[in-house]
Amino acid sequence: MPTLSNAEQQKLERLLQDIVKSLSQETERGAVADYIPELACIDPNQFGIAVALADGTLLQAGDSQESFSVQSITKVFTLAMALDRIGAELWQRVGREPSGLNFNSIIPLEIDKGIPRNPFVNAGAIVTTDVVLSGCQRGHMIEELLSFVRRAAEDSTIDIDASVAASEASTGYRNQALASFLRASGNLHHEPQVTLDAYFHQCALAMNCVQLARAGRFLIISPETPNLIPPRRVRRINALMMTCGLYDAAGDFAFRVGLPAKSGVGGGLLLIVPHVASVAIWSPALNAQGNSTLGLKAAEMLATEMGWSVFG
Amino acid sequence: MPTLSNAEQQKLERLLQDIVKSLSQETERGAVADYIPELACIDPNQFGIAVALADGTLLQAGDSQESFSVQSITKVFTLAMALDRIGAELWQRVGREPSGLNFNSIIPLEIDKGIPRNPFVNAGAIVTTDVVLSGCQRGHMIEELLSFVRRAAEDSTIDIDASVAASEASTGYRNQALASFLRASGNLHHEPQVTLDAYFHQCALAMNCVQLARAGRFLIISPETPNLIPPRRVRRINALMMTCGLYDAAGDFAFRVGLPAKSGVGGGLLLIVPHVASVAIWSPALNAQGNSTLGLKAAEMLATEMGWSVFG
Amino acid sequence: MPTLSNAEQQKLERLLQDIVKSLSQETERGAVADYIPELACIDPNQFGIAVALADGTLLQAGDSQESFSVQSITKVFTLAMALDRIGAELWQRVGREPSGLNFNSIIPLEIDKGIPRNPFVNAGAIVTTDVVLSGCQRGHMIEELLSFVRRAAEDSTIDIDASVAASEASTGYRNQALASFLRASGNLHHEPQVTLDAYFHQCALAMNCVQLARAGRFLIISPETPNLIPPRRVRRINALMMTCGLYDAAGDFAFRVGLPAKSGVGGGLLLIVPHVASVAIWSPALNAQGNSTLGLKAAEMLATEMGWSVFG
Amino acid sequence: MPTLSNAEQQKLERLLQDIVKSLSQETERGAVADYIPELACIDPNQFGIAVALADGTLLQAGDSQESFSVQSITKVFTLAMALDRIGAELWQRVGREPSGLNFNSIIPLEIDKGIPRNPFVNAGAIVTTDVVLSGCQRGHMIEELLSFVRRAAEDSTIDIDASVAASEASTGYRNQALASFLRASGNLHHEPQVTLDAYFHQCALAMNCVQLARAGRFLIISPETPNLIPPRRVRRINALMMTCGLYDAAGDFAFRVGLPAKSGVGGGLLLIVPHVASVAIWSPALNAQGNSTLGLKAAEMLATEMGWSVFG
């Protein structure tokens, strides 16, 4: 896929407007995540989309400037940092296969003796956080994450929403169970509450669609994108997003959309169009699998209309 | 990805020779599948590779003219035929998600009340066979399959190896268990032995690497390839190959190679490079997950050297 | 527990009448098993009960002379015969633990590599049937079973209902799946259909409550009962009935009733009061776990009123 | 089973000596539990046994006066207290079925949405602790437990070993995972660390065989035993011990020994002979299932020689 022609860029611009308009009439949106109290009161009638092209061109529509909690989308950045820290050693502590189960399932941890199935299920991301945290304080690790994301997005205003982190810390018992199980299995180098504290803070990263789309550009291989990690690693992270990024809906998403992606329970969705673009979509109401209902629809419309599948 | 330049084609030609040479020195190859008696006596020291470009150009090296049992690779053709027969209705009988378990695991069938996780695990392919078989005799269904594959490969000599089918029928108790469970769940329209008879015959499809590479061209979208199924369906089958084609090693394969693929216990591997090429690799000795040991290595060497990942 | 005094015997006699009367007013009975066509048309408004004391005294009430299909209750006789045949060797092919799952679950077979959890789940009873069948024809094995049951019940008229066996054979796909899986695991010495044919015939054993209560007396240790198996084995079979006889409702039954028991989908229930009595209860409508709804109630009333728990 | 005659009592006395002598020559004992640091340094070459008859008579042999950590055996007392507190309401928060899995497995919690399979697996005992703790402080709850156990044993010196509690609190990550999961499921009324603190303290109850055998007498129905809970509840707790007391070895224990029992990772074993006796056995080295290797042997010898099975 080459970069976009002027005609394609104009088509894309109209398409974003069409998507916003078309989805504004959707009535079945699902419900906003309520297990993190701070997220439960978000207005579900919001929808934003932004596309950052390889050359930095930015297109947007809808509520693309509204900040939201990226939640699990951060796992992509943390994985990149963990690989930067210890390279292939990481794969002794985390697998690379889809789990066939929910993102917060604890069953695979018991079956696989404390090795999470992949870095995008919660247990896996707790391990990558544990890796990045290694030998430093939480504050330091979060600074490093912010530094990475700000460089990727070329935007120094991106920050953590501490109230969301606090909110999740007070109710995140399921993640506590995962972290304690990892620790019991010898696969957590810090006390569970230490790693979880960092984990909850990184999940509380706040961005709007424009910022997220720009930040995602480090996953496009192009001479024009920020060269934060080697191309080989870019490909591999994209591969993991394709097979594991949407948890137990990854197969269906690959089937419908055909692009690497990562979702978060804040309703955000990051899509990578290799060589071409990084796309951020946000709509807070979720379907039963915990993915943004309108986000998935928008992704399918966008990929279909632009012919953006990696599969031909 | 555009078609190959002359220089790239020459590079590819040399690379195939290098792969053959390099792998001929591999000593750890695993073991030939022994649960189908007819396959147990294949010489493990064989290795062939063939690449069919979109324009029909053919490159090959090693034992690329040796015929082998394609086994599960047929599932790709049968899926295409099942979708042609009943379209999206198929997805009421089969899922589209990786299972997180072995290719012949029966556990997901009980958990999901008789709905196989995807069309590439054995249970799923028994269902697609049941769909294609619908309303006709086994002989007729096999004729249809052969007709499809022969058209795809533009080679009318491709055939079933009846002795392999008979061999598997006499020992295929695990597949009998899957078919009986499907029938008990109301997800098999024929008696188990009827569908299994067809299933074992299709698995016994015999091809050499050249034939398989040519047959795989229907999964490349190009004006020059046989247009057997619509482009949208090509993309979707490729997506399923990416997330489910190598069973519980699909995530690792996407990570290492980054191309849609389907493996078979005969030691064959079909790889699709969207827009560019269809690749067949064969080496009969298998690793613990039931994939060809040298086949995986060759696929990784090929994709890395040619820069053929779909992920950038 | 000593044998019953005259007063206790009179109390028991009145109690059986009271139970019949009381349960005749129950409206929530569940549904008759419908997966075996021949059983689907049984009148659910039937209830019978019979008590055979150690000394042979027989008390009965309700439809105690109506013949019914004992189904899984036969597993007790087959286990006794299998132990007689190969003794403790049996425990290399079958476990002795409750499964924590449904009676026809196939999940434990895959987890435990073809070793059924216990001889009372279907897979386990298919193995005990396979043991008893060893080296003979189905007809011979069924003769042996009938001979055993007739001697136990001292009633030569007890027989198999061939139409029920045929009915189950034509629809028993779930049991076919279990048998095929066992065979695939090397834990079935005959072809699946051969062992299943014997299995379906033994399940089709027909008895009325009086016959079943009398047949159960071989599980009471007493100088007055038929001495068909050694006392140590009697205790062990009773132990297995206590922990596994009612499948995933065994814990609840031990809690409520406190006696070894075995249920069947025909609506029958065999209860052993060690040293004292063998009890048969029958009512065809089943609860969600596949046990007779009124049978369980009657067992609880009987045990509570007579003080018949083994637990004090 | 009546109380013991003089001859039987003499036989029992000699038998205890024989058991001690016979087992002192056993070389395959397994290993002492090492996941609680304080328990890891116990001398494995110890063995004690004590029998408390219904009338209070006490027989003992070996290291029967050595104090040990009763660990999971306390679950029996806590269950009695929880039932005393909220009666049958308890069964809305805990099941009554064997799990078919390890005592600390977290898999059933996810499958059953936070309802532990029974009160004797760790998750279940964390819930019964949570019930008893309700509305009071940990200190108060532990006082209540000690008061209950001291009354049962008629021994006011029984106490908690605080160093064991502290030791487990510092390493009990697996139990933290269970408690956090319960809390996430809404089945824990206190913060995980609050309930766990009480749980670890109760597990750290220290007794010698004589004390434990005497304490167990509240589970014998007899006019001569301390009447701490109603007879009906005694039977029910015994039933749960039979089906769930030895976790995934309960079926085998019922088969071999035929008596209700509860084991602990400290190497203790409490056996109830309904109407007749309470037996405590202790030997710290454990088998693969976490039960005392010599404890199981001693229990089998004792039950077999005395004819103490509940099954006849």
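Chains: A, B, C and D, in written order; residue numbering restarts at 1 for each.
The rule we apply is simple: contacts are C-beta pairs under 8 Å (C-beta built on N, C-alpha and C of every residue); 3 or more make two chains touch, one makes a residue touch a chain.
A quick note: this is a predicted structure, and the numbers were derived from the prediction, not measured.
Visitor: Leaving chain B out, what are the touching components among the remaining chains?
Guide: Remove chain B in thought and everything remains one piece.
Visitor: Out of B-C and C-D, which chain pair has the most contact pairs?
Guide: C-D
Visitor: Could you find the chain whose CA centre sits the greatest distance from that of chain D?
Guide: So the farthest one, by centre of C-alpha atoms, is B.
Visitor: If you average the CA atoms of chain B and of chain C, how far apart do the two points sit, in angstrom?
Guide: Taking the average C-alpha coordinate of chain B and of chain C, the gap between them is 48 Å.
Visitor: Between chain C and chain D, what's the gap in Å when you average each chain's C-alpha atoms?
Guide: Those two chain centres are 32 Å apart.
Visitor: If each chain is a dot and touching chains are joined, what shape do you get: line, ring, star, complete or other?
Guide: Shape of the chain contacts: a ring, since each chain touches exactly two and the loop closes.
Visitor: Following the definition at the start, I'd like every touching pair of chains, please.
Guide: Taking the chains two at a time, the touching pairs are A-B, A-D, B-C, C-D.
Visitor: So in the complex, the part of chain A that touches chain B is made up of which residues?
Guide: So the residues of chain A touching chain B come out as 95-101, 108, 117-118, 219-221, 231, 234-236, 238-240, 242-244, 248-252, 254-255, 258, 260, 274-275, 309-312.
Visitor: Mind listing the chain C positions that touch chain B in their complex?
Guide: Per the touch definition, chain C meets chain B at residues 105-107, 109-111, 173-174, 176-178, 180-181, 183-184, 192.
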